[in-house]
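Input: structures, listed below.
Here come two complexes built around chain A, the first alongside chain B, the second alongside chain C.
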Partner chain A sequence: MSASAEERNARTPWALTAPALMLFVGVLLIPLAMTVMLSFHDWGQYKGIEPVFILKNWREIATDPYYAEMFGRTFRIAILTTLLTALLGAPEAYILNRMGGRWKSVFLLVILGPLLISVVARTLGWALLFGGNNGLVNKLLMSAGLIRAPIPFMFTETGMVVALAHVMMPFMVLSVWAALQRLDPQIENAALSLGAGPVTIIRRIIMPQIMPGVLSGAIIVFSLSASAFATPAIIGGRRLKVAATLAYDEFLNTLNWPLGAAVATLLLAALVLIVVGSNALIERRYAEVFR
Partner chain B sequence: MSRNGPLALIFHTVFVIVMVAPILVVCLVAFTPEGFLSLPTNGFSLRWFRAIANYPEFVHAFWVSLGLGALSSFVALLFAVPAALAIARYRFRGRDALAALFLSPLMIPHVVLGIAFLRFFTSAGLGGSFAALIIAHVIIVFPFALRLTLAAATGMDLSVEMAAVSLGAGGWTLFRRVTLPLILPGVISGWALAFIQSFDDLTMTVFLAAPGTETLPVRMFLYIQDNIDPLVTSVSACVIAITMTALILLDRFYGLDRVLAGKGDTGR
Partner chain C sequence: MAYLELDRVAKQFGAQTVVDDFSLSVRKGEFISFLGPSGCGKTTTLQMIAGFLDPTRGTIRLEGKDLTAIHPAKRGLGIVFQSYALFPHMTAAENVAFGLEMRNVPRGERTERVRAALAMVGLAGYEDRHPRRMSGGQQQRVALARALVIKPSVLLLDEPLSNLDAKLREEMQIELRQIQRTIGTTTILVTHDQNEAMSLSDRIVVMSQGRIEQIGTPQETYEKPASAFVSQFLGKTNDFAATIDRASAPARLIAGSWSAPAPAGRNGPVTISIRPERIDFGDAGLSAKIVTRIFQGNHWLFQCESECGPATVIRQNDGRSQPAEGEAVHLTWRPEDMDVRGVA
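Right, the complex of A and B next:
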């Protein structure tokens, strides 16, 4: 009697997770496997997709400099976006954390809220602000005397980085914010009482402790920026392609699905390698912080 | 009140202005009385909001998005609640792997998911259908539904359940009368966050939507690709208003920082 109850107990978690597991195997793992397979298929303008196993698409990506340039642009934009969010987001999270209760929650809502607002709407906002050479941003920068000639933002990588940094900023603030919550404010006071100045405190006390937060935020921002679609498509226009917009073109305009699948598979593989690799590095380097 | 220096406060002010500016400018331009993109310098007008009614594509896309978000979040919860209970309550072999699998849609770029689903549903004969959109959205909102339900189930007081069991409750009655009411705040917040994710998704949906099943973000994106005029700003302003309402409700009932904590987490 008790043995069967125990047996039933051992089976319960599986019974509870089985529906979700079947869903994920059936509608996530199988489609992903099909995509990887698709990247090895042949395609022709008139014959369509031919289910054979060839390396044509992969060879094309490896040899045609167009793809090297496109992936180079994709990762360059992702790196610059990550740097920008880290440089501005980390100090902001620190300032936010030192604010009083009410202001803190108001500004937290203002800064994190955009995360849930449609990316299309947010990017549209930047397109309006950039708007040609006499857009608001340029007018403001020129009247402030920061620049002499207008900077072209629309259809440039500069514009893509600025708009993407805005879209990704909440992730960085959130990540640093989480690291700051684990920080003991008494350590800062201890350093102060021992005669450390504000610069020393930030450099020697705060920075080392929030670094894991900055780095894990950087991983999130990097992987989301490298696979971003809406912002590069709207700000970059039809000419400046990144991995996601190129894959979209291959699938819905050129209809060369196997090539598009190869681009997507390569993007996924590169991101998984980078994310898993840097996670492992961070955990080893900052093992004591995660404990 | 704050212990921040003047430099820090200047930085903070500029930061907040930059964060709000693009959203604000969209909402302002939406009220322009002119026929072209401009800030409403001489008076506010609702003409571009009224103009939405003349574009049935936008209205239709709005209903598609609303139905898709509500339905896919609900279906995701049907799968996520039992899974969350199992992961929260039991220590079994493969538990960590399962949790990682269920959170993996957060880590896989949506463009890859879009392509995978397009390929899958086209060969299953469901290409461009509403059913395909629902299934695809269930997968992408699942991690959000799971995570908030999981948080509620982990924090639950098990002694209440034991009391119910000792009084003879079991199985379905136990779940419906005791467990579900206790985890309900987490479940509802999970639904709300899942809804917002579904309502806002462009990157994956743009691969799957066909004329007739276009969602609002897809319709807006395709419209912007051709030209940007005040109409799309008034549509965006409506979307922003809807999201803000959901956001404020979520903040009131659950706390925004709790909802968002770990949102971008890569599934560890």
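Right, the complex of A and C next:
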């Protein structure tokens, strides 16, 4: 092969990926860089945005306990949501995997169903069921005399965790299910024949093998929950802000774009660190199962 | 005295009968093979012994005790699966130790037995390897060690060698036989490979469509097949259409230009079958023409076109000259080497 042909071949992959690469740079990298830069600009009620380089916004986030509380709430909700989806989703995936052909496809559709409905509609559903005195469930329980006051759900962290877990469940179930597909179909029989009971089989044989699936599902659920907007906005409202709703308010209500940009940048940086870090840990810990 | 006994065992899935009327008694220390094509019910029978499936009818007894009443985890049988089903998150030693842990064997004894079991299958020094870092043959040995370390009353092997390449499979066959002879564990092997069944077992159970076709030693099933299915499944065979002529005296069995005194009993059209290695070339007999001649080292393989249809002949390479392709020959065999059956 001549030198120029070789050169042309080396350039081919670049040429082929160029359109997608340009789209990626144009709609993701450049706006992201602009947001980061924006977080260092100044802002005033009357002067608007001033393109200068100052640390005012970052200093405010670091010193004002309001932001610490808000980021604390964001990650607390994300962690609890992740735990809830793991606790419910892993058994759900295991049961789904053991179902017979017809039922399996029916229930897979049931599990994936929520993904087909808008997040807003799903979250408003919770509001209809538990929203104060007029919530359907609250009304029923109160008229049955089981509870005196409505179950507090709207504008509570518990409500946000429950609603988010509902939204995120398919991601956890699918992730664990994928791990279950890799299991040798005879592995439970093998353990059974060696004298293991059902609890031991789950704990010693199944759990260690689906752990990577649970953990990668956890990473997805955690990062989506920490950056979720619609569910916290509807359930938490103005009273219980999380990072995403705060950034939204700074941008569109206060019009303090630089401060909103700083909040958004901090959330992104924290998520990237957590996700990359835990991914590296998981891959090292479960090297043998992943091979 | 039967050690393991299956009495008229049957298994149905819905309306479909997968195993029917399966009766077998196994002596202690015996090596039995369930041989048959896929879907013949051999694996289903093995799974009923293991307890992964419950028989629809019939009983399975081990040393006189009803095995079907015992939970699979308490049966104490060693099983090697086709896919090995090793625990990928455990090392070889941990895999082998699992059954002993479940039996609460103290740690010191456990370590010693695991070491001995791995040494027995030739894997000393591989204790800390994970299964996914081992070759197919090594994984197979770990699976065997894991099944044997619990000193099972019966060892069940479900097509354990089918995932290995030909050379390794032959080595493992010899090794499996030696290990089984040494420790004397009663063993049941499920296989679709007739060579494997013949070289390993004391007795073969030939199965077809859920039923037992024949139970016998490898030699019996090969030399005296009970049915056309058995003779075709175990090795190659030639089937020729023939007639028994009782009009002439003495009565004769006639296949083309080959004939012999007729056996007692039958009359009219019959099928005769003869193994390829029992046919010789002679001066008289069934007229045939050699179509292809293949040299295979220790023997010659001939495909012939005879008066009664295609015929396969195998001749030892004993140094004598052999007929060439296209040559006209006569096929002949001793009457006692053939099997005469009625026309189906």
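Here is the rule we go by: the second predicted complex is superposed on the first by the 264 of 291 C-alpha atoms of A that agree within 3 Å, B and C clash if a C-alpha of one lies under 4 Å from a C-alpha of the other, contacts with A are read in each partner's own complex, and residues count from 1 in each chain.
In this section, a residue touches a chain if its C-beta (ideal position, glycine included) is under 8 Å from a C-beta of that chain, and two chains touch if they have at least 3 such contacts.
Please read these numbers as outputs of a predicted model, since none were measured by experiment.
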Chain C versus chain B, contacts on chain A by residue: B
First (chain B), second (chain C), both or neither touched by A:227: first
Chain B versus chain C as contact partner of A:128, first or second or both or neither: first
Contacts of A:208 with chain B and chain C, given as first, second, both or neither: second
Contacts of A:195 with chain B and chain C, given as first, second, both or neither: second
First, second, both or neither for A:251, with chain B first and chain C second: first
Partner chain(s) touched by A:79 [first = chain B, second = chain C, both, neither]: neither
Which superposed partner A:270 touches (first chain B, second chain C, both, neither): neither
Contacts of A:178 with chain B and chain C, given as first, second, both or neither: first
First (chain B), second (chain C), both or neither touched by A:186: second
Chain B-facing residues of chain A, complex: 10, 12-14, 16-17, 19-21, 23-24, 27-28, 30-32, 34-35, 38, 88, 91-92, 95-96, 98-100, 102-103, 107-129, 131, 136, 163, 166, 169-171, 174-175, 177-178, 216-217, 219-220, 223-224, 226-230, 233-234, 243-244, 247-248, 251-252, 257, 260-261, 264-265, 267-268, 271-272, 275, 279
Interface residues, chain C side, partner chain A - complex: 50-52, 72-79, 81-89, 98-99, 102-103, 130, 132-133, 146-147, 150
Chain C contact footprint on chain A (complex, rising order): 184-187, 189-197, 200, 204-205, 208-209, 286, 288-289, 291
Complex interface listing, chain B residues touching chain A: 1-4, 8-9, 11-12, 15-16, 18-26, 29, 37, 78-80, 82-83, 85-87, 89-90, 92, 95, 98, 101-102, 104-105, 107-112, 115-120, 123, 135-136, 138-139, 142, 196, 199-200, 202-203, 206-207, 217, 220-221, 224-225, 228, 232-233, 236, 239-240, 243-244, 246-247, 251, 256-257, 260-266, 268
